[in-house]
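Starting off with a structure, shown below.
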Amino acid sequence: MSKVKSFAGGTHPPGNKEHSSGAAVVRLPAPEVVTVPLCQHLGAPSKPVVKPGDQVLKGSVIGEQNGFISLPTHSPVNGKVLRVENVPMPHMRSGPAVVIKTESEDGGEVYEPIADWEHADTSVLVNRIKEAGVCGMGGASFPTYVKLSPPKGVTIDTLIINGVECEPYLTADHRLMLERTQDLITGMSILARVLGVTDPVIGIEVNKPDAIKLLQEKGVKVVPLKVQYPQGAEKQLISAVTGRVVPAGGLPLNVGVVVQNVGTCVAVAEAVCSGLPSIRRITTVSGLGVNKPGNFDVCVGTPVSVLIEAAGGYQGEIKRLVSGGPMMGMAMFTDTAPVTKGTSGILALSPGEVRDVEEGPCIRCGKCVDVCPLNLVPCTIATASEFGKWEDAEKAGALNCMACGTCSYVCPAGRYLVQHIKRAQNEIRALAREREA
Amino acid sequence: MNPSMLMSVVASVPEGGEPSFSIAKMMAIIVSAVFINNFVLSRFLGICPFLGVSKQLDSAVGMGAAVVFVMVLATLGSWLIYYNLLVPSGLEYLRTITFIIIIASLVQLVELVLQKFSPALYDALGIYLPLITTNCAILGVAVLNIDDKFPLGYSLINSVGAGIGFTLALVLMAGLRERMETANVPEALKGLPIAFLIAGAMSIAFLGFAGLGG
Amino acid sequence: MSLAQNFSRGIVKDNPIFKQVLGMCPFLAVTTSVENALGMGAAATFVLVFSNFLVSLFRKVIPSKVRIPSYIVIIATFVTLVDLLMNAYLPALHQSLGIFIPLIVVNCIILGRAEGFANKNKVLPSILDGIGMGLGFTLAMVVMATFREILGNGSWLGFNLLGESYQNQPLLIAILAPGAFIIMAFILGFFNIMEKRKRGGVK
Amino acid sequence: MTGNRMFDLAVSPHIGSSQNTKRIMWDVVIALIPALVAAFWFFGPRALMLVAASVGAAVLTEWLCLKFMKRPVNFAFDGSAVVTGLLLAYNVPSGVPWWIPVLGSAFAIAVAKQAFGGLGHNIVNPALLGRAFLVASFPVLMTAGWIAPMEWRDGQRIDVQSCGVSTAQLSESEELDALSGATPLNVLKQTFSWEGEPGRGEEVRAMLFSKQSLKNLFMGRAGGCIGETSAIMLLLGAIYLILRGVLELRLPLSYLGSVALFGWLFGGSGWFNGNPLFHLLAGGVILGGFFMITDMVTTPVTKKGRIIFGIGAGLLTMVIRRWGGYPEGCSYSILLMNLGTPLIDRYTRPRAFGEVKKNG
Amino acid sequence: MTISVVLILLSSQQESSLWSAISGPVVILGSVGLLLGLGLAFAAKKFAVPKDPRVESILSVLPAANCGGCGYPGCGAFATAVVEGKAPVSGCTVASSAVNAEIARIMGTVAEEKEKMVATILCNGGKSAVNAFTYNGPSSCVAMSMVMGGPKACTYGCLGGGDCIEACPFDAMTMGENGIPLIDSEKCVACGKCIEACPRDIIVLWPDSRKVVVACSSRDKGAVSRKACSVACIGCGKCAKVCPVNAIEMDGFLAVINPDKCINCGLCALECPTGAILDGIPVRPKAFIDTTCIGCTLCTRVCPTDAIVGKVKEKHTVIADKCIGCGQCVEKCPKNSIKMMGGVLSQQ
Amino acid sequence: MGEIIRVGLMLMLVAVIAAVALGYVNSVTSPIIAEQKEQAKLAAMIDVAGSLGAGNLVFDSLSVPELANPYAGVDESLAVVAVTDSTGCDLGYLFVAYGKGYSSTVQTMIAVNTSGTVTGNTVLFQQETPGLGANVSNPAKFLYQFNGRNASTLVLKKDGGGAGGLDAITGSTITSRAVTSSVKAGLDALSDAGVIPAEGGVI
């Protein structure tokens, strides 16, 4: 493993993946009531097209696309619409959702499968990916079709599939690579075809040797990567795999690259080959606060509490309930919130696992500087932000921060670096807007 | 008893001619002016601009440059007038008044000339010029050069050194004060007190240079 | 503003050292002993009073274009006078104040008062202002010198206060350069607190 | 049903590394203990007394300051004041009266640390500023209070092998009095002032740079400040810190490296005549290089900045040793570089990932 | 210069010792003075740059110490900065408060007629506002609002992190005991920095003379907002009905006072069932009818609290307990017989 | 143009008034200053030379052609005053030694008798560190040891003087050494020129 690639900076939180990495994905039936969020993707929420009392079919559109960066939302079950209302979300205080009483999960509407995708027009494929509501499954839930429609004059020569899964605890992508290998490869090829890329690669951290081996056997070009947080972040992944540096404030397409998550590939394959809209995802449930950590294939709209039940229920004191990974995930205040297309994991963390230091003054140890993958000086930016020196924070590069949390993780003073920096970003943007006005 | 004889015994009048110019002495003068007898931190000259213009690094650098510039010009002018006009006519006691007039007019002149011929330089340095007239360091260096009986060459070097020493202190101070902007300073010490405290810390640290070369 | 106010203002309310933080160089440099402080204070007061007097007297005559140069000439004249007189009659003090006598010329307080007060006021208020500011300056110098001399030399105005054994091992730093800065920091800090208290009381 | 349970919210990340400020500080305290043992061995119970007084005064002052400023007083026990107190005591000669470290610690904590806002906000190393304050205030005590190693037990004023120069040799060369109870660096400094007299300095320098002398320095059998003499014990502590992941090695390595380089360059008479090993082992370079220059609060946060800091401090140390008014430049060099820390940080800010070089 | 040297040589020949003592300085200083004066006057004419007259007037009141204490290189630069709005009027560290006031006056000549505005926080929730969950993180409002919209159940109200206090350059704000910042109306100069800082956008500039405000910004339905906060506006509309001058409008479920119409009567505050309206006038004046009253009854008709009694054509009286000091009657009285007495009157 | 000239004349007027005042005061004070300097020096000389003999002393400058100058390194020169009593009998010599100390050139006035023994001394000028080198001005700290010594015994213990050497001022070896060696150099120059006997010799 001498040629394991990586990026500069980063850190090594304990992986804790062994809790669930051996657990095969369990497919959960839809619960009695599903609460389907209309704001699962980045961008404008879908516009609801159903009203209470309406009967909906599985796969039918219940919310339509609402602008360029937006997607339609489909019903994951056959059933009756109970309410269209704001409910708590895993990623925000509350958001619009369609609450459906499940009647069955059989049949339902699907789109026309495009069996001959290898020869189909790319615009047909992109359109399918759009109407199936596919968004990134790797975290940001960015509408995938947008990424597949590069502006004129930009050529994409590299497609990197993100199988890194660098967040501790999470194993959903790992299991997906092992169990949905064929779909993954198909999805990869579809994406490559759409983008006109000849040999897509997949980046996987070396802590998943079985996945690397399996994919290599199937003839996929795999780039083994060092275990290092945040290897999975787009810019870091691109730098590790291709050596290219995405300009600050730029997008991967500026260096001719598109990055897609493995889960996204599977969703694309399903949308194209089987005509299935994006209504399910694989999620890890883990942490010492649940009895039997595992990976589950659930339909979106399933309340978190159902997943927890499936994982054997809570165990002991739960200090925190997190949607996503422990580094970037959001703490939830209620487990009634539903799973969305972007929910990569649900963690019930016990007091021993959670970081619990009181915020003290920065002792300028420089650890955050050493680890920041974007070469920022988090301590300086954070202090400037704390004292309201927005211009200093901007000069120090606050806007570049991607909130990966590496700096907060290592900080011995327990500084809330990410939040201080985010606050500075908010203020800087506000000032900039004001200056324009 | 002959008074002039006695004077020559006790007062220190340099013996015959100017000492030859030596690199070693030149270095010694510079090291002394910049580090050992730093104008601000150990001689207490130019404290007002040191406290006033050290809030931001950029203006500290500008001020420093302007001071070096004016110091050299002031030294040149005052030295020439002193030895070529005042000494020959026995009017050494007019030193203070002449020097301050020279400095005041030089500053004005520089301001006008810069404004006219180099607006860029004027923008960078010019704004600091009014502060410079009432800066002890300028008059101080002119007077000290006379007190130390430096020949013209050394005087100029001394004034460059003094200016650099001033700039060094000013720039370090500005950096430290910027850092204090984001520090949890006790309420009572906010503002000038903490600036004095920083100066005190700098001054203690500069004691480390004491005796350098001695 | 009453004449009494003209006089008293410089002593406490607008004290040039502790409130306006002007003329720091001589203040820090010569406060190593109370004697020096008094000498310097007296010299500066002399210059202040007479320059204020003359500036006020001629304020209508001097054209504004050469205002500053004229003031400088006036101030420098008095400084030179002090220099000469002190050298003649108080040579020891002259020696220990050294270069800071000629530097009174550039002391911001003096030009500041000439420009800021005498320039716009009648002769009598200007003189009173000069005396008040001068006294305020002297007082501040004496306060500072008291701290420095007692701590750094165990004496006050030359009188041994803390005994022989202290004088053999005094807190020397108080009369060295760093001591001046540090003590001044705490004096100003003290005034800061007082100010805050006062304002808090009003509220 | 598990539904509808409420949970506390917190900001990400939800997990953290095991490091925390308190742990780091107490680790440093632990790492400094071997040197305390050495100090006891060489300088006797007196050394322990001074250290205890210093630490006590530091913690007490911290507590009083916090109380006075109405800030949480439990910060007084985060260990950083203990480190400051320890290091201050390690930096005074072993023969000083007890009130010297007490005064020094009080100054270090009250003026150099709390007045600037407490932990993390001070601009210069408190222990070193405390020491410099003492040197400026009590120069005689602070430069003449040396006790020769083992004097407390053997009752001898000069240990036969202290600083590698034997009594016999010294009395022969009539320098006995000049070197009484001094430190190796004091002796070296003396030899520089004999420049005009050929041979006189060479002889003593040869003794100082001899193997025997270096061995003594390494073990700590030499005059010096309480905690600085025993290189081996300090290194033991340093290794502990490195293993615990507390020390970041750029600062120590660049500092020690540049001391060695400049020590060789001009640490003897003339050029290229110094003994790098002597300059590393004598005086406070090991203590300073592993425990004081590494005070993260007052040193740059950037990687490049730390290297520049180390090199600058090394150069200043050697310049002061060779040409300055003090025999040892370690503490002043660090203090002086502390002043430049904000500027170094500012000008060594790494270019952000993907940032193009247009506006700095 | 040659001339002066010659003069000196000549003068040294003179007999009088006094003359010889002063001739040298006279010649040298005199010529220097002349040259300098000529040069300066010439230069001043030649290089004159037109300046904002306000710069000159500020310069003339400044202490002219050129100390740099303000952070600007000299008094001139500071005066320019004040005029350009970059430096605060009180930025001079040397100037007395009288001088500062003078500078403010010079600067204020344009803005003088404008009514004094004061920042006002439209929320009084604080401890009365229920927390939806416990929050662990930086105690800044912006940071809080980024975590699930902040810990308060009400998503409109003040988070109490004090970002605004930190932003105020004039120390005009302090954290109140209730967890809502207090604003010192004397210190506030309406710079608006706090408004920028607040992530909830609940700070507005409100005329200093209008003392009655709806201290709530919740647009939730009554039931929702009542659950979230005991002093919330529940949108019942009673205040709008009681307002004698129709200064209150309901914007959905939130009452909004129009400060231009408001007469500070405080009736709405009395009427509000939840106490969401704050009345900043501690003691109100009472109406008093003198003997010139002709008993026209106009006043009884406008009085919102029926505090005026009296028969037609007879002198009316005010029932002091009922009078809320709104002053409506004063305006209506054709004979100017009604005076407002006592209390703190803050009406125009 | 007229305006310009008026302004120029005005400033000239101010300057001329200043000049008159200064010239006058200077003419009054300059003799006093000179006289007073003179007196100070003379007092010091009488004081130091008092140790050579009692009664009215007569000072006269000594010019010895072959007298070397040991102080060229500090830009000073050796000038010697011969002291005779009122009968014209040689008592000894006075000279000022210049030694580069820690932060200044220390000027020590030395009285030496005709047999080359130091009989009196005083420090004329020094700017050494207060509490350290400045102690050289306190005769009880250092200079008391000089009296009765000659060139050969003027050496610090530290510098090889052994038990018979001089004790340096604590913590101020540099200052002590500077004074000692500058005095020794002066004495050596005198004996080289044959004015006083060479080391140990007796005339």
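Brief remarks follow.
Chains: A, B, C, D, E and F, in written order; residue numbering restarts at 1 for each.
Keep in mind that, in the parts below, contacts are C-beta pairs under 8 Å (C-beta built on N, C-alpha and C of every residue); 3 or more make two chains touch, one makes a residue touch a chain.
Source: prediction; values computed, not measured.
The fewest steps needed to get from chain D to chain E, moving only between touching chains, is 1. The set of chains in contact with chain D as well as chain F comprises B, C, E.
By number of C-beta pairs in contact, B-C leads over the other of B-D and B-C.
Using CA-based centroids throughout, the chain positioned farthest away from chain D is E.
Summarising the inter-chain layout, the chain whose CA centre lies farthest from the centre of chain B is A.
One simple way to say how far apart two chains are is to compare their mean CA positions; for chain A and chain E this gives 49 Å. Work out the mean CA point of chain A and of chain C, and you get 69 Å between them. Spacing of chain C relative to chain E, judged by their CA centroids, is 38 angstrom.
With touch defined as above, residues shared between interfaces to two or more other chains in chain B number as follows: 48, 51, 93-94, 97, 101, 105, 133-134, 184, 186, 189, 194, 197, 201, 204, 207, 210-211, 214. Each of the following residues of chain F touches two or more other chains: 7, 10-11, 14-15, 18, 22, 26, 30, 37, 102, 129, 131. Each of the following residues of chain C touches two or more other chains: 21-22, 63, 65-66, 69, 73, 76-77, 80, 84, 108, 111, 170, 172-173, 176, 178, 182, 185. By the definition of touch given earlier, these chain pairs are in contact: A-B, A-D, A-E, B-C, B-D, B-E, B-F, C-D, C-E, C-F, D-E, D-F, E-F.
The residues of chain D lying in touch with chain B in their complex are 69, 111-112, 114-118, 121, 123-124, 129, 132-133, 135-136, 316, 319-320, 323-326, 329, 331-333, 335-336, 338-343, 346.
For chain F in complex with chain E, the touching residues are 3-5, 7-16, 18-20, 22-24, 26-27. Those residues of chain C that touch chain B in the shared complex are 21-26, 28-29, 68-69, 72-73, 76-77, 79-80, 83-84, 99, 102-103, 105-108, 111, 173, 176-182, 184-186, 188-190, 192-193, 196. Interface residues of chain A, counted against chain B in their complex, comprise 361, 383-384, 386-387, 389.
Touching chain C in their complex are the following residues of chain E: 29, 33, 36-37, 40-41, 44, 60, 62-67, 69, 93-94, 96, 184.
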